[in-house]
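Listed after this line are the structures, all set down as structure tokens.
In the two complexes that follow, chain A is the common piece, with chain B as its partner first and chain C second.
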Partner chain A sequence: MRGYVLKKVGWSIGTLLFVVVFNFFLFRLLPGDPIGLYTRGRNMSPDQLVRLRQQLNRPISEQFVEYLGNPFASTINSTRFNRPVWDIIGERVWPTVLLVGTAVLVAAVVGVWLGIRSGWRRGSRFDRITTGTTNTLYAMPEFWVGMMLIMWLPFFPSGGINSVGVSGFFATAVDTAWHLVLPVTALAVVYLAEYTSIMRASLVDELRQDYLTLARAKGLREDLVRRRHAVPNALLPTMTLIFLNLGFVIGGAITVEYVFSWPGLGLLTAEALRGPDIPLLQAVFLLFSLGVIVFTLLADLLYAVLDPRVSTR
Partner chain B sequence: MSLLELRDLSVTYAGDVPAVRGVSLGVAPGEVLGVAGESGCGKSTISNAVLRLLPKSARVGGSVLLDGEDVYEMSFGRLRAVRWATASIVFQGALHSLNAVQTIGRQIAEPILLHEPKTSRKAADLRVGELLEQVGLPARRAKDYPHQLSGGQRQRVMIALALACKPRLLIADEPTTALDVMVQAQVLQLLTGLVKDLGLALVLISHDLSVLGTTCDRVAVMYAGKVVEEGPASVVFDDSRHPYSGALAGAFPRVGDPRFRYAPAGLAGDPPYPGDLPPGCSFHPRCPVAFDRCVSEEVELLDLGAGRRAACLRAGEGS
Partner chain C sequence: MTAIAWQRRRATASRFWADFRSHRSALVGLGILLFFGLVAVFASVLADPAGLDVTKATAPAHAGPSGDYWLGTDQSGRSVLTLLIHGTRVSLIVGLAATAIAIVIGTILGIMAGFYGGWARSTLMGLTDWFLVIPFLPLAIVMATVLGASLLNIIIVIGVTSWPGTARLVCAQTLSVRERPYLERARALGGGDWHQMTRHILPNVMPLVLAHVVLTVSVAILSETTLSFLGLGDPTRPSWGYILDNAYGTGAMSNGEWWFVLPPGLCVVLVVLAFTLVGRALEAVLNPRLREGS
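The block that comes next holds the complex of A and B.
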């Protein structure tokens, strides 16, 4: 077990190093004058320009070492907001965590439940309706779902995280929850479809296994056969997928956050791309990669806890 | 009185595939009945049919009497109570029959806690330890997961699991397949010991005649879903009345017996696909002594006296 954890952590650190290096050189390869990109649309004194140019004129190796020393600190401010990039990201992270976290939670719970019900009674009416619906939902782009929701459900706020003039902790919380409904629905609906079909497929796979015949032969009721034996085994691939997805979901929320003007990382990325705001983009890319790496690691570790076979293999 | 009695049992799988066609067998307490035959002859289907474990799409005819009670007439509640408490199965393929994400201790304790709800968890754990030691595994292995055991150990876990609720009938489906000879001997000794000590009725399903010949009281030889010969284990293979049992016995040569040195061993051809059986006696295309009547006449089991039955038109001719 310890060897397994060390190996997985080691791989994650290796991947992170690669991303850091790639992230540094990728932005150095962009065509054009970086000073022009960094300062576009802003009034800067010749003095400031000279200082910035001096910063960028140092040997690339020197800049790289400095970047490696602390990749999460940018020496150059965001061009769009003219503030340190990590301050901006710090403000925007929590709305995204709230949005994506809620959506994944809702999608995982409902999706797993639907998957179990339809997989266990494969071919039933419930299964056919669920499979048809989820396949349709899976084919729909999130942002389009978001736009349709805004059109069809006009009594929910169409954007933002809070209404103007709401104060007090409790009132703000209720107001935020109210604002969350549509964007969470748009995101959850698409992930729900994925989780349902994965859970259904892995449960259907388990149904043919001999250990379920043994469980029945022991005299267990059908619901216990399902709950104690089939579902825990079928959950393994689904849990991994949910965790792997969490990493990508942060980046995937871009379109939904944009449609609902949700002040999170996704919207920030969209705004940064318009500049383009190079320092901000660089930081956001690093964060997204970090998200994928961390959640992949979590998925691996979780799998080892759930499935005793993994850590000894 | 027989503990288990199959009366004209037939099982037809979806797509009109008859896997078992009218099998009548019985086994009494303290008796070991062997069921022999090539793969696909319906042996495992019978073992699953006894506890009603066949897929829903399978059609079952005839009756299965367990202690005089028809298993297929039982309510589901009664059936669940009978499963494992009266009759249990040592399933084939221990690796896939055990749940990979539960410790074996938990899996053995599960039927105990289910059928004897008053048992405390602690008492159940003690029983699990005893059961494991009974099959020659240290009690501490209860904490292990199936993948941490060797194939032979897993097979013994399956036997411990089958004994968990002190059943009166044990159906062992190929319990020694894929085991090396030493472990095979241990497992068989264990099973026959249990029959003697506890008065269990044991149905031993195997394709290995050397296993059946040494452990069983009576043997039934199956071919294409039917019993073709039945009788005391000592005579069925030495003095077989059906050419198929003769051919099976011939495929296991005995060292030092000159008969096996010159007689061609084995049997040409393959067993027929259950969905496409030949007319008449289904063995006739492979039979060395078949004649014209075999092609058209369906042969039923004939009583030959001395507890022997055979389904062959030439059975009365003697050998």
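The block that comes next holds the complex of A and C.
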């Protein structure tokens, strides 16, 4: 177990290093004068410009070492907001966590339920309808689902996180929940498809296992065989995959947040694109990659805790 | 000798087709793909490309469906149907070309990693794992911003960000093929690395890659739509994502202009679904391990 944890943590650190290095060099590929890109649309005193130019004129190796020392230092302000990038990002984290968390929770609960129902009766009518529907949902771009929802359900708010003029903790919470309905639906509908097919596949894998025959031989009712034996085992890989997916879902929220003007990291990315706001884009990209690495590590560790066979293998 | 070989190939092909045909959903998918393929090829015949030019648009803007404009018009008076027809071409070209790039990179890296093993495999697969970790959409956004918006750049961006899956698959398959007796025979007869890889491993890995290719195309088309929607597509070559971007930007949803929002998305769903159905069926036919399962 210890070796396994060390191995996974080591791999994550290696990956983190790779992402940081990659992030540094990717943005050095930008064509044109970096000063122009970093300061577009901002008033800069000649003094500041000279300092920035000196900063960027140093040898690449020197800049690289400095970047490696602290990739999260904001030496250059966002061109759009004219503030340190990590301050802006800090404000935008929680709306995204709220949106993505709710959507994943909804998608996981419904997806697992659908997966169990259709996997247990493989080939039944219910299974065929579910599989067809999930295939179709999987083919839909999230933002298009969002646009359709805005168009056809106009009584729900189409953008933002709160209405103007709502105050008080309770009223604000209810208002936010009301604003969450459409974006959560748009995100959940697409991920629902993924979770359903994962759960169905892992349940189908368990169907022919000997322990199910034993459970039936003991005289357990079919319902209990499913609930007490098959489902808990099939849930293992599904839970891990859902966790593993979390890091990527945040990236997938970009278009949904953009469509619903949801003031999170996704909308921030879309805003950083128009410009483009290079310092902000660089920081957001680093954060998204970091999110995936952290969630991958957590998923690996969670799997080892849930299924001890993994770490001893 | 060659006559026998050809006979065998024909027999294999007909068996493959019989297997494939038994998946009814795959035939539906194939039909949809054929339809969109024809639309893409004959786009200029079906709709005059001059209709894409904003300056030549004469119709009223934001008009609903009518006899002249079956699917209404966009914000500058262009026919949505014309945009859709020409968008088919862009979406399919991007999807296929990007997939081609991804498959070439993935297959080369995968075969090399699997064939040489040892440190080559750990290095290449380590690199693949790293690229799998980088979230796709943010990476594509950053790269598209860095490279600039053009059709070729979109293809490159999607191509070079979608290869890791292929590399993993090919590597695993190569590892199992490498140990088979006929490769030992090739080695004993003095076949070099290049000969073994191109003549023996590649043909055996190809069937699985084929199924994967088809699934990759569907992802690539979705990616193209997303990037174009975010304004990173080529503005001179309207695609389905570009139409949706325009619809969103001009408030088509709050005005209830369903003809502007619904059709482009429906086309994306149909094509992506069709590629998925065909890909799944190919996988089921070509991958013996999946066959015993269901």
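Simple rule for what comes next: the second predicted complex is superposed on the first by the 313 of 313 C-alpha atoms of A that agree within 3 Å, B and C clash if a C-alpha of one lies under 4 Å from a C-alpha of the other, contacts with A are read in each partner's own complex, and residues count from 1 in each chain.
FYI, a residue touches a chain if its C-beta (ideal position, glycine included) is under 8 Å from a C-beta of that chain, and two chains touch if they have at least 3 such contacts.
As the structure is a computational prediction, the values presented were derived from the model and not from experiment.
The superposition on chain A brings chain B alongside chain C with room for both. When the two structures are aligned on the shared chain, A:R221 is found in touch with chain B, with no touch to chain C. Using the contact criterion defined above for the overlaid structures, shared-chain residue A:N233 touches chain B, although it does not reach chain C.
Of the two partner chains placed by superposition, only chain B is touched by A:T213; chain C is not.
In the superposed model, more residues of chain A are touched by C than by the other of chain B and chain C. Contact with neither chain B nor chain C is seen for A:L68 once the two complexes are overlaid on the shared chain. Using the contact criterion defined above for the overlaid structures, shared-chain residue A:I60 touches neither chain B nor chain C, since it reaches no partner. Look at A:P308: by the touch rule set out above, it reaches chain B but stays clear of chain C.
Between the Cα centres of chain B and chain C, as seen from that of chain A, there is an angle of 80°, stated in steps of 10. Of the two partner chains placed by superposition, only chain C is touched by A:R274; chain B is not. Here chain B and chain C sit at a least CA-CA distance of 15 Å once the structures share a frame through chain A. Note: no residue of chain A belongs to the chain B contact set and to the chain C contact set alike, using the contact criterion stated above.
The touching residues of chain A, when paired with chain C in their complex, are 11, 14-15, 18-19, 22, 26-27, 29-31, 122, 132, 135-136, 138-141, 143-144, 147-148, 150-151, 154, 158, 204, 247-248, 250-252, 254-255, 258-259, 269-270, 273-274, 276, 278, 281-282, 284-285, 288-289, 291-293, 296.
For chain B in complex with chain A, the touching residues are 48, 51, 53, 80-85, 88-89, 91, 93, 96-102, 110-111, 114-115, 145, 147-148, 161.
Per the touch definition, chain C reaches chain A in the complex via residues 25, 126, 129-130, 133-139, 141-143, 145-146, 148, 218, 222, 225-226, 229-232, 241, 244, 247-248, 252-254, 256, 258, 261-262, 264-265, 268-270, 272-273, 276-277, 293-294.
Interface of chain A with chain B (complex): residues 209-211, 213-221, 228-229, 232-233, 236, 306-309, 312.
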